[in-house]
Amino acid sequence: MSLNSSQVKKVMLEIGETVEKNKEFLTELDLAIGDADHGINLTKGFRAVATKLSATETDDIGEIFTLVGMTLVGNVGGASGPLYGTAFMRAGSYAAGKTSLIADDFVGILEAAIGGIKMRGKAEAGDKTMLDALIPALNAFQEALKQGITVHGALTKAVEAALAGVNYTKEIQARKGRASYLGARSIGHQDPGATSTYLMLRTISKAVQTQGQPEK
Amino acid sequence: MSLNSSQVKKVMLEIGETVEKNKEFLTELDLAIGDADHGINLTKGFRAVATKLSATETDDIGEIFTLVGMTLVGNVGGASGPLYGTAFMRAGSYAAGKTSLIADDFVGILEAAIGGIKMRGKAEAGDKTMLDALIPALNAFQEALKQGITVHGALTKAVEAALAGVNYTKEIQARKGRASYLGARSIGHQDPGATSTYLMLRTISKAVQTQGQPEK
Amino acid sequence: MKKLINNPELVVEEMLEGILEAHPNHLRKLSAGNILVRKDAPVNGKVALISGGGSGHEPAHGGFVGRGMLDAAVAGAVFTSPTPDQIYEAIKGVVSEAGVLLVIKNYTGDVMNFEMAAEMAQADGIKVESVIVNDDVAVENSTWTTGRRGIAGTIFVHKIAGAKAEAGDSLGEVKAVAEKVIANTRSMGMALTPCILPAARKPNFALADNEMEIGIGIHGEPGTHREELKSADEITLHLVNKILEDMHLTVGDEVAVMINGLGATPLMELYIVNRKVKQILTEQGIKVGKTFVGEFMTSLEMAGCSVSLLKLDSELKELLEAPADTLALKVL
Amino acid sequence: MKKLINNPELVVEEMLEGILEAHPNHLRKLSAGNILVRKDAPVNGKVALISGGGSGHEPAHGGFVGRGMLDAAVAGAVFTSPTPDQIYEAIKGVVSEAGVLLVIKNYTGDVMNFEMAAEMAQADGIKVESVIVNDDVAVENSTWTTGRRGIAGTIFVHKIAGAKAEAGDSLGEVKAVAEKVIANTRSMGMALTPCILPAARKPNFALADNEMEIGIGIHGEPGTHREELKSADEITLHLVNKILEDMHLTVGDEVAVMINGLGATPLMELYIVNRKVKQILTEQGIKVGKTFVGEFMTSLEMAGCSVSLLKLDSELKELLEAPADTLALKVL
């Protein structure tokens, strides 16, 4: 696998489309255990991202991620704005100066994103947050690479693990974010943030698989 | 006809009972074109009247009416408190010093009451108020006496005329009181105050007819 | 009906207790009845201002008792005028040698009960005058009817006549300025939802999910008409136009504005209405002076608002800006 | 959904316009965003107080901007924390050499957005401190959770830290007194009806005709439980008991009281609640100091209320009584 900067930009736009398509769904999930705005907030953020990306010429993937992160921070608000924003900004630091990404970079990016979210949100695995999709995805991806599975195969494993993580959030009680006010009543509902994380990973995986090799 | 003071007291209490029995009815009428409190207000007032009357020894019918009037003024509030209060207080002035009432006194009392209501409320016949029951009742009573009809018969005519007056209020537009805000939309509804006046007159008539001659 | 109450028959008494517990340095209650007076009443040599009416319009009128506004507020039962004896006690409780001005809203019940109280006080030799506020343009003002109702514009009277009285002016002067305010104030309201009397089991009118009542009274009395819900801007334009039709303002005139919430309307929405009021007036060349946005004269938990305009001159402007220290309106 | 609005996406902007039109002498807006600041900001040598959060809680927080309270309020979208860049602009707009204190309500979103803004300002060399208000005893405070929410008790922080800052005290001192207020404030709320977000078509929760939600949050977040509607006295007793369980007051202690309406509850009912609060506290030998009754931190058009208690000492008492001149809270 290798993605160049224009492919990275394209994936970012596709993530926005996915979020927008799932706006109602994510908001409904947030209605059950939060304040019914997760889909609305993210859609607003990724629309702004699309505008910003269309105005930038940079080839530096680090700069692209940083721009995405800052735009999310500046337009989403609530909890997911700073969290996804920090995640992308950390990914930007990781990818600084790069003009293409390989499989190992995917590990580095996910590690950076997880680190950012943990720092900002002070959450751990099992708190019923986006981390419960992201951490299993990273682990599965690394495991698959170790087992010599292809990058495409590893991405598929990562997405499967993220979905399993989303399902796991149904079984656990929230210990962070708005859902934690519900106490035991949060059990039985899947976490909106974990769900949006899964949707983003799925979009990335699909994009890589269908784009195949970079155009140039 | 002749009523002594204890009979007058008794009639006052009976008026209170009638009002209380028709509390919901009067309030419903007031709901349609007013503020849904006419039955509640009058009931509160006549309960206070009952308490006051039970505590007075006077034989002076003027004093009895004045006490009723002042108690209504002090306990009813809204429009009907001052109006019925003034009516009874004026009747009290008329009857000052009397210990029994004859047919002609009924004329004097109604005239005094009408005068008081007109003074206080600045209303005329046809404004869709209690006057539209009271004035026809007085006219019918006087006419009947002139025609030589018995007092009982004349009272019956008066009550019939009051009822006709109540029905007439359905056809006209209110020009006084809360119902006047409705403009033409007040047409079709009978006036609560005219209705309570009719009920009071009917109670008086019934009392006179069944009590027959004074006890002592 | 969902209310935070105990006994519907005791709401007024319990409310007054709660007010007194909260504001012991501002207010006291006359033992003679449901009458709130300013702590330092009677104020020597000052014309005393008294208002009142049915309860359920809080903060009116107890919330406007204090330095620079009312001396006493008489609280009737919910939506029912207080009785003359209560008003008479209020007069006796706050009167000084300078006399008393009664500020009455134009409802048959209020007018008659206050008038009777005035007669009782006059019989005692007390100097009593009264003014009748009738700012609601939703109701046609014809000599054949009871005339326009008194609604939120009443607060302008309390404020300005209160400032005049606080300045030590005579009963005649205070009454004259109150009448000037009345002559120059017009209001109109609308409702999105009805209100429910504590003693009743049902709302006093019904509105469909997409309906509003235009020209509503503060007791839920019907207005000019009912129609489909419109945007805040359209509604505001309608209310302001009705007011202006009756006000004859000319370019360069200055008005004070009051956007009054009827009980359940968020402050956010009242400010959205105010934005449009200002736009409309500016377009017509009318200057906007002091603006009040909030709940001043409510109708229990009714959702909706009223707009009031007061045409200012230099005297009214100055009095409107004069200090006031009441629970619901403070001017520093 | 019945609202007096135009476009759900513009409610915050249109509200701010309406506020500015109404109070041009008190407030101005920073061109950089939805930020209201006191007219005379930045005030030289004074610690600047900044608060904010999602909109829909009016008068919080713009209504508390002014002398003796906040220097700036940052308004997010309805029920959504403002973004760090907006908060950063507010900091830059009101900061003096004395530094800035951020008053944050304890919601994950608010905390993170304000923290990021603080980091941005600190990177510029600006002195920024922050405090996190967590007065809501309905939510269990455990190290394993996000902790208690911040609700109406926040206004006590604005008032007292605001007075301290106005007195010219240092950032450390202002922060210390804010933390003292937080440590001594507890609140709990309940709702009779839900609220509806302007952009949503339906209420964010549903209550049956005879039900109430105890321990509700100011965004309609669920509380401790749902039960059949009770009398005002019973409800008040429950709220106060939950607060006292967490407060450890002893006979002779003095508290300030805030009875806060959530949007649609008539003032009459809030005073009925206050009456009972006073009774309960008096029975327990606790003195009641300054009492606030009204709407301070609402949830759009939710019906219900919250009760807040602040344990006073002589310093807090004095600062609570200090002058303040804001739209929603004036102390003369």
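Here are some notes:
Labels A, B, C and D are assigned to the chains in the order they are written; within every chain, residues are numbered from 1.
We take it that a contact is a pair of C-beta atoms (placed from the backbone, for glycine too) under 8 Å apart; a residue touches a chain by one contact, two chains touch by 3 or more.
These numbers come from a predicted model, not from an experiment.
The chains in contact with chain C and with chain D alike: there are none. For chain C, the chain whose average C-alpha position is most distant is A. Per-pair tallies of C-beta contacts place C-D first. Averaged C-alpha coordinates give centres for chain B and chain D that are 56 Å from one another. Centroids of chain A and chain B (each the mean of its C-alpha atoms) stand 80 Å apart.
Separating the centre of chain A from that of chain D, both taken as means of CA atoms, is a distance of 33 Å. Among all residues of chain D, none touch two or more other chains. Because contacts link the chains only in sequence, without closing, their graph is best described as a line.
For chain A in complex with chain D, the touching residues are 31, 35-37, 40-41, 73-83, 86, 120-121, 175-178, 180-183, 185. Only residues 54, 76-77, 79-85, 107-109, 112-113, 115-116, 139-140, 144-146, 149, 197, 199-200, 204, 217, 219-222 of chain D touch chain A when the two sit together in their complex.
The touching residues of chain D, counted against chain C in their complex, run 2-6, 11, 14-19, 21-23, 55-56, 58-59, 63, 192-193, 209, 212, 229, 231-233, 235, 257, 259, 263-275, 278, 288, 291-293, 295, 298, 300-301, 303-305, 325, 330, 332.
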